[in-house]
Amino acid sequence: MEREGRKRVGKERMAIILHGGTLDKLFSVLNLASAGAAMEMEVHVFFTFWGLQLLKKSYMKEADLPPEHRDLKAFIDKRIEEMGYPAPDEFLKEAKELGYVRIYACSQTMDMFNIGREDLIPEVDEVVGAASFLIIASEADITLFI
Amino acid sequence: MEREGRKRVGKERMAIILHGGTLDKLFSVLNLASAGAAMEMEVHVFFTFWGLQLLKKSYMKEADLPPEHRDLKAFIDKRIEEMGYPAPDEFLKEAKELGYVRIYACSQTMDMFNIGREDLIPEVDEVVGAASFLIIASEADITLFI
Amino acid sequence: MEREGRKRVGKERMAIILHGGTLDKLFSVLNLASAGAAMEMEVHVFFTFWGLQLLKKSYMKEADLPPEHRDLKAFIDKRIEEMGYPAPDEFLKEAKELGYVRIYACSQTMDMFNIGREDLIPEVDEVVGAASFLIIASEADITLFI
């Protein structure tokens, strides 16, 4: 088993598990990934369970708020645009161009929901299981479950 | 106060605070704990607030999805079984047999909800407060709040 | 860019991102911050998205449970009081008096929701962006997203 947590390429490493599937959590992940990449951190994001659904083609830009906050969706969409943020799918592309951001799709979740690699957006770098991601995370300076 | 974070027994240490009480979060914790144990990590899981309820006898296998996803419960139960995963209470037992997985019940939550040690499943290793768990977590390579 | 993660003042450092805005998550943050401060940890809490709303004047003590648990609000309020915990806004003040607890308001969220510094409680130490908080978090022993 690859025990070194892979070759270190950034000054610091952040490992994020995105388990939630709502826009507010996705936006936080994209914001953290973008901020980390801009400061030369390595950013590794493992999309699992509800979060994995966001990697399906054309799903990311449809991400909604949790039910109790859905009345704020139009307002937040407007503010995100006014503040100059791109839509989530574009935001992910830009974060990847900005620095070292790697996207992992959880293989167990894909199996559970019968999702194939061909169903996912091309920004996914690897399909891996939880164990593989834990190796990467164990060498991280910041670990977050979102 | 015990400041050494206790004797190190695994190659790496993962410390998880399980605050949520839903099946999707519980399943992620069990999956991470099982994967960690299989790769000789130490896994320490502190069950608090809604998560603590899952440690009450016969509650773990009743864990449900959050309200907005409850229509998926039957599908996910079926897939979990088809994929060969045991029910959550059995999954926890198996993870503990697989490696070093320690289960902590939050004493403040037990006090809040008037739950006694005798109400909890035997897989609980210790009843501790947040401060005690922070000492363990401060020596961990991976820290997650779920 | 300040790359040293700021001067270290505590034995250990805990960095918490509070993204949720509900009482159960706020209470956990306050409990962890208080426990950490009492054991001479540095505690840094970044309030963002729904969590940022809690820093608005007089909002913290109005924090509610998530919709699916709201029937427990009166019970939990009563138990919190019986157990000798102060109300959340007082709990925060006491944690700050107990040790090193620093409160950060997320500047991007303030911009998104048109919230000014004058709208926030005086316990806020700094208004910062995600990048600044990541520098602090990258030197932490415990990192949590709540």
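The letters A, B and C name the chains in turn, as written, and every chain counts its residues from 1.
In this section, a residue touches a chain if its C-beta (ideal position, glycine included) is under 8 Å from a C-beta of that chain, and two chains touch if they have at least 3 such contacts.
Because the structure is predicted, anything quoted here is derived from the model rather than measured.
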Note to self: Taking only the C-alpha atoms, how many degrees of rotation bring subunit A onto subunit B, rounded to the nearest 5?
What the structure shows: 120
Check: For the homomeric pair subunit A and subunit C, should the interface be classed as same or different, according to whether the shared residue numbers exceed half of all numbers used?
Finding: different
Item checked: For subunit A paired with subunit C, centre-to-centre distance based on mean C-alpha positions, whole Å -> 24
Next item on the list: Can you tell me which residues of subunit B touch two or more of the remaining chains?
Entry: 67, 143-145
Checklist line | subunit A contact footprint on subunit B (complex, rising order) | finding: 11-12, 14, 24-25, 27-28, 31-32, 35-36, 38-39, 41, 67-69, 76, 79-80, 83, 141-146
Next item on the list: In the complex, go through subunit A and note every residue touching subunit B.
Entry: 1, 3, 15, 17, 19, 48-50, 66-67, 108, 111-113, 129-131, 134-135, 137-140, 143-145
